[in-house]
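Can you read through this structure? Questions will come right after.
Letters A, B, C, D, E and F mark the chains as written, and numbering starts fresh at 1 in each.
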Amino acid sequence: MATVQICEAEKVYIMHGVRDDLRIDGRACDDYRHMEVETDVVSNTDGSARVKMGDTDILVGIKAEMGRPRPLIPDEGYLEFFVDCSANATPEFEGRGGEELGSEISSTLYKMFQNRSSLDLRALCIVPREHCWVLYVDVLLLQCDGNLLDATSIAVKAALFSTRIPKVHVSEDDEGGKELEISDDPYDCMRLQVEDVPCIVTLSKIGHRHVVDATLQEAACSMASLIIAVTHKGNVTCVRKVGGGSLDPESIFEMTETGKRVGKALHAPLMKLLQEEEVLGKRRQKVGFLG
Amino acid sequence: MSLLKLCVPGDRLCGAEDCIPGTGTYLRHGYIFASLAGYVLRKNEGEELPIISVVKETEAQLLPDVGAIVTCKVTSINPRFAKVHVLYVGSTPLKDNFRGTIRKEDVRATEKDKVEMYKSFRPGDIVLAKVISLGDVQSNYLLTTAENELGVVVAHNEAGIQMIPISWCEMQCPHTHVKEFRKVAPVQSEYLQA
Amino acid sequence: MPVDTRRVRAPEESQCPLLFVPLLPRGPLRTVAQPEKARVDGRQRSQVDVRPVFARCGLVTQAKGSAYMEAGKTKVLCAVYGPRESERKDDTDMKAGRLVCDFRYAPFSCPKRGTWIQGSEERDAAQALQEALRPGLCLHRYPRAQVEVNVLVLEHDGSVLAHAVTCASMALVDAGVEMYDLVLGCALRQDGDSYLLDPTLAEESGGHATQPEDNQGGVTVALLPSLGQVSGLHADGELRDESVSAAVRACMEGCHRLYPVVRRALVYAARRKAAPPGDSLET
Amino acid sequence: MHNARNAMEVESSSTCALREFGCEQSLLSRPDGSSSFIQGDTSVLAGVYGPADVKVSKEIHDRATLEVLIQPKVGMSGVRERAQEQCVRETCEAALLSSLHPRSSLSLVLQIIHDDGSLLSCCLNAACMALMDAGLPMGCLFCGVTCAIDRDGRIVTDPTMQQEKESRALMTFAIDSTERKVLMSTTKGSFSVNELQQCIAVSQRASEKIFQFYRDSVRRRYSKTL
Amino acid sequence: MAAGFKTAEPLEYHRSFLKENCRPDGRELGEFRATTLNIGSISTADGSALVKIGNTTVICGIKAELATPPTDAPNKGYIVPNVDLPPLCSSRFRPGPPGEQAQAASQFIADLIDSANIIQREDLCIESGKLSWVLYCDIMCLDYDGNLLDACVIALLAALENAQLPEVTINKETELAEVNPQKLHPLNVTKHPVGSSFAVFDNTIVIVDPTAEEESLSTATITVVTDEDERLCALHKPGGSGLSAEKLQDCISRAVTRHREVRKLIEEVLKSIKPQQ
Amino acid sequence: MAGLELLSDQGYRLDGRKPSELRKVQARMGIFTRADGSAYIEQGNTKALAVVYGPHEVRGSRSKTLHDRAVINCQYSMATFSTAERKRRPHGDRKSSEMSLHLKQTFEAAILTQLYPRSQIDIYVKILQSDGGNYSACVNAATLAVIDAGIPIRDYVCACSAGFVEDTPLVDLCHAEETGSGTAVALALLPRGGQIALLQMDARLHQDHLDPVMEAAMTACRSLGQVLDGVVRQHLQEVSILTGE
């Protein structure tokens, strides 16, 4: 994460605050910052979403393109992640600076979607072994104030929800070759089931307690943090300890417990908000960056 | 000397109150733990608490730190400083060499401003120097030869023959008797008998 | 794949013969890990049953410290260089040293031939290795210097990252780098309600059953044994959260089972490297 | 500049015919020394830059750092060119008195114009002439001779591409001008020990002619300017 | 003070030993370091061998894959050797693409396979024009202490003799290859070349099997590869100080005796693992 | 002109605009708190984001520092999903480095760099959605961001693209017009002083057609200037209410 330098005194101040369950912006230890989620922000894409969590601002665009399925899994489409840490977030990311963090986030996303239950990829297959849909998920990091993984996972889930993939009619022409024609009617499209898509909860250990959704200052005084991807059923799909410090086992079990509770509590309101936006459809007043 | 037992990093050696942690150990939660794999050594230096340390063969010193006497080879000279490769810290050879710099004003203690670098060192000389600082982010170790027993130990003249020191600022080639200027380290007593 | 001009040219496209083995009936490759069935190599399920380990320090003479480790058929070699001057001048940290890890599979180490160019999986493993080792090292003793850990997998037969962590920490001790504690790694494969400790490659990748049962996944834990701290944790696949905690406890138990073997290897290496200081110390 | 062309016949038991040699020096303006060497249809252009300043990482404190770059006629330089670069570099390092220019860098670039057999020896000859043209201090000159042993055991010196393809074995030697010793040798194919000794003898005789050719072309070059 | 002399003036230090016809590690000028060989230790490779010459350790793993034969030689398979010097084996190698020494070694091994024709490339062809084997011979140095080429040649030869390829049949109607992993055939190795390397000190003294330090101080290195009927397969001298024909002859004769020793070693080890397979 | 009819005979363009009419411009300043200055602009379907950092100490090689004025460092990049055809890399290709150079030259003319010697000002622009007129959207967004960052600037820098179809100059081209019409002129203007900061044209245009196109582009830039001015004043008003003047 882009780091910010803070002096020892501030670290002690934050630590004491966390010990009494009071953080610098007044939140409790397991509270998220104010979050805004909006879909269909960019028009050139098949699905897009923007998440603004405090000062962390992430925009995800999904474009579906035709491709060949992977030789080992011939009857499924697949996802390709690309994380662009643009220089907008901090001057450090200019040129090749942001690539290291970008590849770290994209490898976590690949791991999260590696197991077969989070997203049903078989629907993306058009003709086994020959044609399938490839979803290019491009994450654009506009502003970075800590907790990038949570915001990214929520934005990816919202974008997948809003993705409209045009239906493909496969017709056999005379000498056995396959004829593909994509319907251009904007309403005749396929939607993805995103209930099982997990969301990431990052728990940072500060002193003897752990906090959710740590800002850059709080991340600077946390020695180690635990990343847990939680589905709405409460299952854990990807766990990673990140950071230079070590954790004692008890706090790992506590953090997994909190992570599961907070993660489960995250899915319901998110799905409700996405449903509402869906119902409004065209009448919804697009806010975007102008709001 | 207690029974010599071998320890591995992370072994708890003793309580904090009955020993003072020496090299190769660290203090945590009131206990002394080993941080190296080697032989445990308790040496009582007169006062009440013995010093406990872990010794791992001879090569204890891994990094040149401030104040250490280092042996280095001069690689390049320019009017403001001389660049060297550090070969030895004390008597232990370093497996991979560290780069150091001897600035013009650190060559000699006397008449600092009248020092001429090419009259003090030449590339290829073996020099005894002392580390004065670890240097900042860009530069590397800062060394000095300003004390008496520091300076050039081995030098070859243009023809490549090893020269013999004849004064604190001159060395002479045994065959051609050509004199060349160097900031010479006086020969230590124990090597004199050769 | 862009043509690699720095190596002898190979045909553009070559397939691994395993792809052409006439496929068994499309059923799941479950011969390996049937729920109640004992494991192929006779070890018990849901028990702390680690494969026999062979460990030796000091095999790479050129390195400051090195270690070689075999667990079953998994073979890992690690060499440590440094502390030495760090080339990358820009972010040298004035107060503490830097740990640089490089993780690499030998092309012949996996059933399907790997390429020479480092893949993203190897970079992830190097990152995980670095985060697991860092808590164990006293890096503040080596200001402005850099410790390089190079791990090479000679044969991949399951739980490679776990054994790489243990092998790397043995190499660091052999190199005389000061450490708070050893770092031991242990892996586990959760399969339904039972787990397989220290899984082989077949057990690790087996079980991609057609019907996605829940609670399928792999967990790797890196532990500081005497301080009792977990320095690295990796889990993927879909697991119930209480089985994650159970898996972490089982892995910690596995690490403690491994501890005496590693300790014996290190003590043997230390004794072989130098005679007891009793006689060599002058005063 | 001039262009010396003369066919050479080496009279000896085995056919020691060398193809028509051609050499031209300082034909390029930018490099400090340059030469183009033509053996039959094989022709190589060489340029020498230096002694110039050197990157700190490559600096050697008591001698010059020599870098050789071979650009093939078409395509990118691969592993074969890199192995040839090593041979040419270490041969030049043996001949050059690089301790007279410590902590400096010399770079030799060989551009292959056309390859019709005995490419490595043509590179060596071009390199030697370019180093001479650059006025670098050299302990001795060196020349490259390629020998091919064809199907029925005859030794052919300076073979063309066609002869190389049909040959059972192929050897390239670098011979120095003072003691006619073997500086460099790379071989392809298998051959017996006495075939090797014969080839070395033939190459040493052929190197006489080549060094004579060097003297002629340099004399012809300076005869005009004096 | 001796340790100081060794790092301060390494060349003088070595010359003082060479004057008495011995070397810092106690060997004669013509004496090879202890050579040990371990075959078939990597089960995921089709053939593997690990060679230790003194401290220099090299491991060779062979993986066979299928590909369409080259258009210009439809009845021939491929052999793709590659030597890799990872940063693990010595502090002088940096991570990243292979350096010059690694590429020169790869080219040397590739030329040696062609010139000594260790394996007939025709045996690697399964169906002319359609399908053939590609033998990836990946050679990695685990500990670099000089004399890399000898160790690579022995490792490659031992791995090729240990390699077993599964049987492949072309299914007539589906035109697809079918691999039967149970039935394995060994490779038929026609020639058994063995290399020996020499280093030249101060243009005169020739020593055999140089260590890394001796290699860096020497003025030239020569590698002579001979096969069982005493024919020379390679004479590799990448430049350096001149060598007279007589000295070259001594090297060749020493190489021939070395060839017998190594042949005996490989046969012993092969016999020791043959019964179990 | 083959393909679609760019200018209907009644004089209307594809999207119903008259030749000299601009697309709908919406802009907002100060959208990011962590940046020194930021702005977002929508010109029709083209959406651009600009962020300004500085003036701060020169990062990277010391050699770039200018002793008498600030160094302007620009980076233009396009989101990989911004165009219909997905772009493999956001920046680093030839086109975006060329755009970065144009931005740098434009703003070196506009910003009073001599007030901040030996320092560096970073301007990063990101195209979120591209529908033609990328350069002009970037310049307008960057102007608002620089003003939001409180960096002294000679005058608004307004940029507009112009084309020439059936001898009537068109302003503020959309993507279809940019690729269809062949001629595309990009003009960056400092409206009050009438100085041209940057003029770029790549295509063939008859010499005497150049003046009408330039004229149309200049008037379009002036009207754009007024729109930007409106946005700035409205932003100032909002900020002053918040701070309670």
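Criterion: contacts are C-beta pairs under 8 Å (C-beta built on N, C-alpha and C of every residue); 3 or more make two chains touch, one makes a residue touch a chain.
Being a predicted model, the structure only gives us computed values, none of them experimental.
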**OP:** Note the shortest touch-path length, in steps, from chain C to chain F.
**Re:** 2
**OP:** Sort the other chains by how far their Cα centres are from that of chain A and give me the top one.
**Re:** D
Subject >> Label of the chain whose CA centroid is most distant from the centroid of chain B >> reply: F
Subject >> Between chain D and chain A, distance of the C-alpha-averaged centres to the nearest whole Å >> reply: 62
Original post:
Hey, how far is the Cα centre of chain C from the one of chain D, in Å?
Top reply: 51
Original post:
Out of chain B, which residues touch more than one other chain, so two or more?
Top reply: 73, 95-96
Original post:
By residue number and range, which residues of chain A touch two or more other chains?
Top reply: none
Original post:
In chain C, what residues contact two or more other chains?
Top reply: 6-9, 81, 84, 136, 224, 227
**OP:** Return all touching chain pairs.
**Re:** A-C, A-F, B-C, B-D, B-E, C-D, C-E, D-E
Original post:
Across the complex, what residues on chain D touch chain E?
Top reply: 79-80, 82-83, 85-94, 169, 171, 174, 176, 179, 181-193, 196-197, 200-201
Subject >> Residues of chain F that touch chain A when the two form their complex >> reply: 26, 28, 31-35, 38, 40, 42, 45, 47, 49, 51, 53, 56, 59, 73, 75, 77, 79-84, 86, 90, 122, 124, 126, 128-130
**OP:** Using the touch rule from the top, collect the residues of chain C that touch chain A in their complex.
**Re:** 19, 120, 123-124, 127-128, 131, 134-136, 208, 212, 214, 216-217, 219, 224, 227-241, 244-245, 248-249, 252
Original post:
Which residues of chain A touch chain C in the complex?
Top reply: 71, 103-104, 107, 111, 114-118, 224, 226, 231, 234-249, 252-253, 256-257, 259-260
Original post:
What residues on chain E touch chain C, complex-wise?
Top reply: 41-45, 48, 55, 57, 59, 61-68, 70, 78, 80-82, 84, 86-91, 95, 97-98, 103, 106-107, 110, 134, 136, 138, 140, 142-145, 166, 168, 176-181, 212
